[in-house]
Amino acid sequence: MTSTSAAQNKQGDGRKIFPLSKLTESISVQMDKSFPGEYWITAEVNKLNYYPHSGNCHPALVEKSEGRIIAELKAFIQSGRYREIQNKFTSTLGNSLSDGMQILFKCKVGFHSLYGLTLNIIDIEPAYTLGEMARMRLEALKKLKAEGILDTNKSVHLPLLLRRIAVISVETSKGWRDFNSVLDACPFRNSIKLTLYPALLQGDQAVSSILGALENIHIDHHQYDCVAILRGGGGETGLDCYDNYKLAKAVCLFPLPVLTGIGHATNLTVVEQVAYGNLITPTALGRFVTDRFDAFAERLMAATRSLKNLSRGLLPLQVHKLELYKNSLAKVGQQRVRKSRELLLNTSRRVEVIVKSLLEQTTASLSYQLPARLGEAYRRLAIAQTAILDKSANRLTAQATAICRERIHRLAFLAEKVRLLDPAHTLKRGYSITLNNGKPVKSVNDLIPGDTLETIFAEGKTTSTVNTIKHE
Amino acid sequence: MSKKATYEEQIVELENIIREIEDESISVDELAAKVKRAAELIRKCQSVLQATSKEVDDILKDML
Amino acid sequence: MSKKATYEEQIVELENIIREIEDESISVDELAAKVKRAAELIRKCQSVLQATSKEVDDILKDML
Amino acid sequence: MSKKATYEEQIVELENIIREIEDESISVDELAAKVKRAAELIRKCQSVLQATSKEVDDILKDML
Amino acid sequence: MSKKATYEEQIVELENIIREIEDESISVDELAAKVKRAAELIRKCQSVLQATSKEVDDILKDML
Amino acid sequence: MSKKATYEEQIVELENIIREIEDESISVDELAAKVKRAAELIRKCQSVLQATSKEVDDILKDML
Amino acid sequence: MSKKATYEEQIVELENIIREIEDESISVDELAAKVKRAAELIRKCQSVLQATSKEVDDILKDML
């Protein structure tokens, strides 16, 4: 505190005593000194605290670290400025400035004698908030994924027929009307039971309102097939609540499949992403419900049709099959008999053929072969015997002729010999035979003189006497 | 509700029976029984479709 | 099924008999008996079919 | 079947006779007797076939 | 067959005679008698064969 | 055969005669007689052979 | 042969005569007679031989 304060008093005990205004003035001066310009600050809008009557806004700003508030300050936005800022937000984000948003704002820090510390917001940068929202959406998804529950609701069983639907909507909303009008056109409308759990579907209160509705449904969740979140006619704004991590987590972990029809957003919200199904509009969600009824009914009809056709078709098929069996039985039975008959006929023909062949062969053997062999054997024997006889005849002829010849020859020889020995033959050649006393004289010594010799000649005989004998 | 509703199992059973009949993988011996069962399943499924909200509640109460 | 042969069993027996007759693995001595048996099987199957047909028709009639 | 030879047995006997005749292992003395036997067997087989044929036809006629 | 020589026996005798003649183990004196016997055997066999033939033909005629 | 010399005996006699002649142990006085006898024997044997031949031929002719 | 000397005896006589003549054991007186006898024997034998030869030739001629 400066001593230049105009309102200071001195007391006797030496204490300096100032009036409050002096203090606030002094703080204000110090503040202006310390925070002379304008500053860009980031913070989260914990509560917007907009006062429609004055048009002013007194947002409560906080900074959180790991979920805990580590700084908190109230700010002020003058009504005219607030309108400008909201226009910028709506056009950039498609969303007005609202609770829970991260903002980057330009401010002047001051101190007011009446209001104390003042944070006067001059401008807010919607682009930052947009980025922050995207970041938060990603963060929420990352977190859910890290917790392993991102697809938990998608894995919950969705019955074929959504007959008991817990609807989170507003009874007077266009979304609720659209949904109902689709269902009313469905022939199975009587089978569908809707239970409305009213809730705020956009704006600051939406997250807690929807969470509250979900809690209520949870109590009776066994009575429902699914939860439908319907929002319609709200335009494109106020959807940031569906990026809320808490709400998204509740949807993820909800025991019933959650279906969403919350309108068209530029970006798919986290809730839409983690819900069992996102049908975008209530009308589409209604069609989704009725389509499933139609599909089931169609399946049932198709099954009924098939059952009738097939059951009736199957038996005639079997009757026909039996008919075929009957025919083939008749065919194979008669064929078998026929074949056996043919076989037997062939056998009997074979008997005839081979018997006749045997008889013919035997007859041939008996009538031709054996007689021929007999004749041949005989002829050979006869020829051999004839040869023997011929040879004998030849031998006989040769020998007999030879004997005759030899005998004739021998006789001739003897005849010649006799002729030669005949004395007449010798005498004819001039020899003569001298006989003494009738005996041929062969030696001179046989003679003595005076012997009378007879000499025989061829033509006659003479007689003579020996005169002398001369020895050689 | 992780457990499937009875009618869901019934329509699957029904369609299986029909497929079996179609495939002729059902014998004549079983046919009547199967057709009977299919008819019963059809009746049951139809009743689920046509039931009023109240009946639905009753059916569900019975089921639980 | 232990006492009465099923339709399918009878069809199998019938087919076997027809095949045996065709293959000539059945002797002439057995032929008449086998044909008789086959005829009997066909008759039985026909009556099973008729009964099944009636039963199925009744079920379907009831269903509509 | 103990008393009466079956068709198949008769066919076997018949075939044996044919083989004997073919092999010329049958003498002329026996031939007539064997042929007579063969003829008898063929006749018997024919009558068996006729009876079977008639029986089969009757069964089939009854069936159709 | 004890009294009357069979066809086969006669054929055997005939064959023996022919073989003897072929072997020239027969004398010319016996030859005529043997040839006569052979002829007789052939005739006898032929008549047996004829009879058999006739019998067989009759059987076969009846058979077919 | 007691009365009539057999072919074989005649052949033996013939051989003896021829051998005698060949041995020149035969006298001229006997020669003509012996030759005559031999010729007679040959003729006889030939006629036996011829007769048998005729007989065989006749038989074969009859048979064929 | 008792009456008529055989060819062989005559040949023996002839040969004896020839031997006697050759031995000169015969007298000149006998000589002429012997020679005469020899000539006679030769004549006789020649005629016998001629007759025999002719006969044999005839027989053989007949035979062949």
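Each chain carries a letter (A, B, C, D, E, F and G) given by its place in the written order, and its residues are counted from 1.
We take it that a residue touches a chain if its C-beta (ideal position, glycine included) is under 8 Å from a C-beta of that chain, and two chains touch if they have at least 3 such contacts.
The structure presented is a predicted model; accordingly, all values stated were derived computationally and were not measured.
Q: Using C-alpha centres only, name the chain that sits farthest from chain B.
A: The most remote chain is G.
Q: Could you find the chain whose CA centre sits the greatest distance from that of chain C?
A: It is G whose centre lies farthest from that of chain C.
Q: Could you find the two chains linked by the most C-beta contact pairs?
A: Most contacting pair of chains: A-B.
Q: If I list every residue number at the interface of chain D and chain E, are over half of them used by both copies, so same, or under half, so different?
A: Different; most numbers are used by only one of chain D and chain E.
Q: Let me have the rounded angstrom distance from the C-alpha centre of chain D over to the C-alpha centre of chain F, please.
A: Using C-alpha averages as centres, the distance is 66 Å.
Q: List the centre-to-centre spacing of chain E and chain G in whole Å, with centres computed as mean CA coordinates.
A: 67
Q: With chain centres taken as the means of their Cα atoms, state the distance from chain B to chain F in Å.
A: Chain centres of chain B and chain F, defined by C-alpha means, are spaced 127 Å apart.
Q: With chain centres taken as the means of their Cα atoms, state the distance from chain B to chain G in Å.
A: 159
Q: Of all residues in chain B, which are in touch with two or more distinct other chains?
A: 28, 31, 35, 39, 42
Q: Two or more other chains touching the same residue: where does that happen in chain A?
A: 304, 307, 311, 315, 318, 326, 329, 333, 337, 340, 348, 351, 355, 359, 362, 367, 371, 374, 378, 385, 393, 396, 400, 404, 407
Q: Check the chains against each other and report every pair that touches.
A: A-B, A-C, A-D, A-E, A-F, A-G, B-C, C-D, D-E, E-F, F-G
Q: Considering only the defined contacts, which chain A positions touch chain B in the complex?
A: So the residues of chain A touching chain B come out as 156-157, 159-161, 163-164, 188, 190-193, 221-223, 225, 255-257, 293, 296-297, 299-300, 303-304, 306-307, 310-311, 314-315, 317-318.
Q: List the residues on chain A that touch chain E in their complex, please.
A: 348-349, 351-352, 355-356, 359, 362-363, 366-367, 370-371, 373-374, 377-378, 380-381, 384-385
Q: For chain G, which residues are in contact with chain A within the complex?
A: Against chain A, the touching part of chain G is residues 11, 14-15, 17-18, 21-22, 27-29, 31-32, 35, 38-39, 42, 45-46, 49, 52-53, 56-57, 60, 63-64.
Q: Contact residues on chain C for chain D in the complex?
A: 27-29, 31-32, 35-36, 39, 42-43
Q: Would you tell me which residues of chain D are touching chain C in their complex?
A: Listed in rising order, the residues are 1, 6-8, 48-49, 51-52, 55-56, 59-60, 62-63.
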